[in-house]
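Listed next: structures, encoded as structure tokens.
Look at the two complexes coming up: chain A is in both, with chain B in one and chain C in the other.
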Partner chain A sequence: MNSLKNYIAKNKIHKSLYFLGAIAILIFLGFKVEFDFVKLHKGIPSMLNLFQRMLKPNISYGVEAFDKLIETIQIAIVSSILGVLVALPFSLLIADNIAPNRYISAILSGVFSFLRTIPSLIWAAILVSIFSVGKFSGIVALTIIAFLIALKLFREYIEGIKENQLNSIKSVGANSTQVLRYCVLPHILELSISIFFIVLETNIRGATILGLVGAGGIGQIMWRDLNHLRYDNLSTLILILFFTILIIDVLSLFVRKYLIKKAVRFKSIDNYKKFQLFKIFYIPILVIILFLFAFSSLNITYDRFILGLGQGKDVISRMIRIDPSCFSKLIEGILESFFIAVFATIVGGLFALVLSYLTAYNTSPSKGVSIFLKGVINILRTFPPIVTAIIFFRGVGPGPMAGAMALSIYTTGVLTKMYSEVLENEGKNIQASITTTGATNLQSYRHGLLPHTFPTFIRLALYRLESNIRNSTILGVIGAGGIGTTLVMNIMWRNWEKVGFLLLGISIMIIIIDKLSQMVSNY
Partner chain B sequence: MLKIEDLTVSYDGKTLAIDNINTEIKQGEFVGIIGSSGSGKSTLLKSINLLVTPLSGKVYIDDVDITKLNNSQLRNIRRQIGFIFQDYNLIEKSTVIDNVLIGRLGYKSSLKSFFGLFNDEDYESASNALRQVGLSKKMFERAEELSGGQKQRVAIAKTLCQKPKIILADEPVSSLDIATSQSIMDYFKVINDEKNITIMINLHDVNLAKKYCHRIIALKNGKILYDGKVGDLRDELLKELYSQE
Partner chain C sequence: MKRAIALLLIVVLAISIVGCTSKEEEVIKMGFVPMKDGDSLIESVEPLTEMLSKELGVKVEGFTATNYVGVVEGLGSGQVDFGFIPPFAYVLANEESNAEVILTALNKSGEAKYRSQFLVRKDSDITSFSDIKGKKVAFVDPSSTSGYLFPGAHLINEGIDIEKDIEYVYAGGHDKALQLLLNGDVDVATTFVDARDRYKEDFPEAMEKTEVLGYTDYIPNISVTVKGDMEEELKDKIKVALLNIAKTEEGSELLKTLFNMYGFEEATDADYDIIRTTAKTMNIDLKEAE
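Showing the complex of A and B:
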């Protein structure tokens, strides 16, 4: 009996400690990101005013913005195509189970995980100062991002092939090229289409903000309108973007779900043989056409390109000679970015826990609430946080608070969507097993589904933390706190030695956070 | 045709998965290997075509020690050895005929097979093999659309395409229901009877082994406990074989 009492008492103490701990951390972080309720309260009227003005979009402006919109979409599509095409051969080199050479694979993986820590906007800013203002820099920046995402996805797929599957091809006497061709490549075409759309979803968001550093796309005029206080124009742009992103997301979902399942059916072996022969021609032609299409939209002259390459070489050689004189600035900026990311993850996480309960079909009190909230969270996660931060400037002024709030909203949106899907997919039986005891819906969530799926929630939140860290490093580009401000200043002044040092610092921080979060989620 | 001498295998360098095994198998034998899980059945089969590299010992196929071969010689030997897995290991998204054609890879140059070019002979032997396992109708369907029993029949067809001298089957019926298991075993029996292909099969169902095999090898902790005719297998031995220490 005593042990049961102990258990109850301990349980109580643990729960209150966790709760108090979370509150204390949140207060500390709130202090660090200069969160201020008074400021927020005072800012609300002017933000409401902004929304009111935004509700009257300037439709005629839409025509003017159309060119820029097309350019944005073009940047996203071209960079996604290039990234996926280039990533495929590299994935064959670095996937653990088929890599031809362990050392090459280890070196490449190291280089790529370093490159992965640099956000797209920073790539764009650096490329703009090498290749001049324009969409070329944007395309190259997003191609790098697309390449790194696609590489990761291809690699995960290939490493997911069971050892016995590879063995089953080896055991017929096949050599390593044949293993590659018959075990790894059969699904790669379908998979590439699927990966292309996943990458496109990321890149269309990326492409909208490239303009902030002059790398083409709709962000350029968005930034101009913001500085000219043309909120009617801004609202038009935001509306256009919302629908564009929505259409691409829906298209992507549709293609990934249905189109891929369709396949050609054959009646006779002869036809089948002809088709195999035909494939030898049409696949290379398809790849060449895609490359040609991609290159044709790179509007850069040969001379400018060569000049850029020279400058690029210069920039890289200067970056390698890192200049640690800005060490204190680095630590200060990185800490602020870190605090913003953690703050956003915790706040977003708390909101997501509550909203997910209301959003998931099986836990929501009513279908109407669920559908309404699904709409809301989709709006929340449409916009890159940097755009939301711009809107918060109006209310609370520039600074980490705007950045932290913007990132919190984005995190809430993404995390709610992911976790509510987990709730929907998992645990029909768990819910039922609790409700059969006569418990209410909320009780069955609290004592059944929630404890059952909480580890998954933590994993998702940690994954968001990794993403938030990357996002918080670019918030500074527009002055919303963190290391980004210092970084962009130094890129503009072409202090490449300092830029090299800052990038190294950011990379180390991100890699440490990623490793820590992996450790926690495995634990 | 197959001789195993002092074969020892270890995965971690400490515990022995196969502990000094010696045996000889003649052309056309139907050998069942039984034993509880972890007894080394799978490892034994996999070391015969060197999917697992032995720590020491020799494996002779037609008097050639295959542990000494270089890569291309090994591939030539492997093409004479069919291997069938418990979990089928078909390429799920590829068509059935493509999966069967994989059996021809050992006879193809890298370049031709890279472009997916197979000649009429290859297609002929693939469709023959499919006919033998009664799956001609499913030729152009994707492997993922088949049932478990059908997938295992495709795997058998693939192996037949290799024109093997010996087929190694690693628990080929463990994921199937009783009726399907019997029908798969019937295919093995037909192949063994008609083509005189040697068959070595891991089974955890002793009754299936008794019904189909001529000879039984019983393994326990990586050692041979019994190696002889199926008729001489005693119940006491089976009790010892499956007892836990």
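Showing the complex of A and C:
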């Protein structure tokens, strides 16, 4: 009896300590990003003013933008499929628990971690050199991004496969290919579909950067409207993106449900075999068609390609000869980006914990609230962080605070969406077993679902942290703090040696965070 | 439930500690959006803000941005007091919040204006603007004054319908426009004068392989713009302070080497009418639909 009391008391103290620690960190970060309530409060009228100008979407412009949307969707679909397909085999090579060779796995994952840190602007510079501007550069750029995201997701999932599952297959004498074939792949193929939809969504949103490689699409006109301060047109485009992503969401839900149903539909083994055979044929054909489509948009000659490769090589070889003369600038900028990203992740995370409870339909107090919040969250997610940053910039002025607030909002949106889906996928039994003890709905969330899914939540949050760091490098463009300004200016000036150095700094930071988050999620 | 409320209170309290400790001190905030066509990379505005603080007797805080939208919005809400912004950004700021231009910077040749050029390869058959019809043109990007707005309007004035008579791409940078031309991806590229010189390290063959087909109208240089509701007194003070800095030996040297500015000249709104007419030619509506 005593020891139980002790345990409860200790547990309470531990929890309060963690909590106080988190608060202390938040206060520290608040100072670092120059968070200021008074400023925020004073800025509200001017922020609202700008927001109001966005409330008048220009419907006739939407018709004009529709062509661009189709172009964007085309590029996004092709590049997402290609990215996921290429990522699959690589993920088998680098996942810790099934990798055939430890060294290859370590080297490859190092290389890919580094590549993931490269901002899209730099991909653009290199790709335009090699392939000229146009759809193809866009497809290649997004395929690379899709590949890197999909790879990370696949890898994490494979590493999450329980050791005993693998061992049980090994124990019946399976060699490593058989383990792959009968234990890992069945998991992955289902997963591929949902990863495809995640990547597709990211890529459509990433369309805002497509304009930079001259690939057209909705990103280009969005950037133009922003630069002409046409907020009416801008909000039209955001609305269009909102509906597009909504449709993809619904489609994703539908397809995944269909797949689950289909898995049990085979009535006889013959049917099943036929289906397998069919699969063997139609998947390669689909792949070939996609590659053909991608390359058909490429219209350059062999000589031009060689010329471009040479120029791309020049850029890269100059980046390798790093020029550390901007060291102090780098440290200052990187720290600011880091603080912005961590602040945004923690604040977004806290909000997401509360909002997810209200949003997930199995925990939400009422269906109406759930649906309403789902809408709000999707809108939050669709606002490109740079636009939100401009709104905050108008309210609170230059400095890291605008960037930190913008990313906090974006993170809240994305995390709430992801975490509420995790909650929705949980079985009813956890909740039910707690409610039978007479607990309220909130208590069943607090003491049942939350502890159960908290590790997943932390993993999602850490994943956001990494992408927040990448996003915070972009915010510098408008003066909202971080390393972005320096990076973009050096790219514009083609100071590749300095760009190389800045990239190295950013990569080291991201890789350290990556390692830390691996440690935390293992813990 | 009680505990949850207590926790919430602690959080709010904690954040307000951060929020309310900021000292109220009068500072002037300056934004700097370098022109992409300038000759020097402006990484830090600190030397300039230090001199300004000394001249004005008030602390000046500066920041740089590569895109002007934030600064224009900051000027509109009063969060930014004045800024060095490109001419097109000034027109937008003026339209939105009556921001006012007080000075413009002079370039190496002592002028308050510059222009952009149409480049073609020497071996091409384009010798006049009418030859551009049916060819492929590289603009810089749709927000660029010297890489899209002025060259586009120039073509329209030459009787070319840019949507129908030519095929165009946005290169995403003056350097990339030049690169596309050299690589043969396009037949004409528009850049500032002279991108070939700025990027000679990357494209050493640019000078001998390309030639200038023509120039656009003159574009006003970077503007020093103050927010719309600034008191006359402060406005004059900033103006005088900048002019004074440019007069001193130390100041002018610094402006030259770090910011590529060879002095300042008083500017009025009318100097920027050329931007407005050009935007009109290009069918860019500066006003939002009501």
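The rule we apply is simple: the second predicted complex is superposed on the first by the 304 of 523 C-alpha atoms of A that agree within 3 Å, B and C clash if a C-alpha of one lies under 4 Å from a C-alpha of the other, contacts with A are read in each partner's own complex, and residues count from 1 in each chain.
One rule holds for everything that comes next: contacts are C-beta pairs under 8 Å (C-beta built on N, C-alpha and C of every residue); 3 or more make two chains touch, one makes a residue touch a chain.
Computed from a predicted model, the values in this text were never measured in an experiment.
Of the two partner chains, chain B is the only one that A:170 touches; chain C does not reach it. Residue contacts after overlaying the shared chain place A:181 against chain B, while chain C stays out of touching range.
Contacts of A:488 after superposition on the shared chain: chain C is touched, whereas chain B is not. In the superposition on chain A, contact of A:113 is made with neither chain B nor chain C. Within the superposed three-chain model, A:478 lies in touch with chain C and out of touch with chain B [touch as defined at top]. Of the two partners chain B and chain C, it is C that touches the larger number of chain A residues. After overlaying the two complexes on the shared chain, residue contacts for A:35 are found with chain C alone; chain B is out of touch.
With both structures placed on the common chain, the touch criterion links A:435 to neither chain B nor chain C. Once the two complexes are overlaid on the shared chain, A:362 sits clear of chain B and of chain C alike.
Chain A contributes residues 162, 164-165, 167-175, 177-178, 181-183, 186-187, 190, 263, 265-267, 269, 272-273, 276-277, 279-280 to its touches with chain B in the complex.
On the side of chain A, the complex with chain C involves touching residues 19, 23, 26-27, 30-31, 34-40, 43, 46-47, 49-50, 53, 56, 58, 124-125, 128-129, 132-134, 211-214, 220-221, 223-224, 226-232, 300, 304, 307-308, 311, 314, 326, 329, 350, 389-390, 393-399, 402, 476-480, 484-486, 488-490, 492-495. Chain B meets chain A in the complex at residues 46, 49, 51, 71-72, 75-83, 85, 87, 89-95, 97-98, 102-103, 105-106, 108, 110, 113-118, 123, 127, 139-140, 142, 155, 158-159, 162.
Those residues of chain C lying in contact with chain A across their complex are 7, 10-11, 14-20, 22, 29, 31, 34, 36, 41-44, 61, 63-74, 76-80, 92, 96, 138, 141-143, 169-173, 175-176, 179-180, 183-185, 199, 201-202, 284-286, 288-289.
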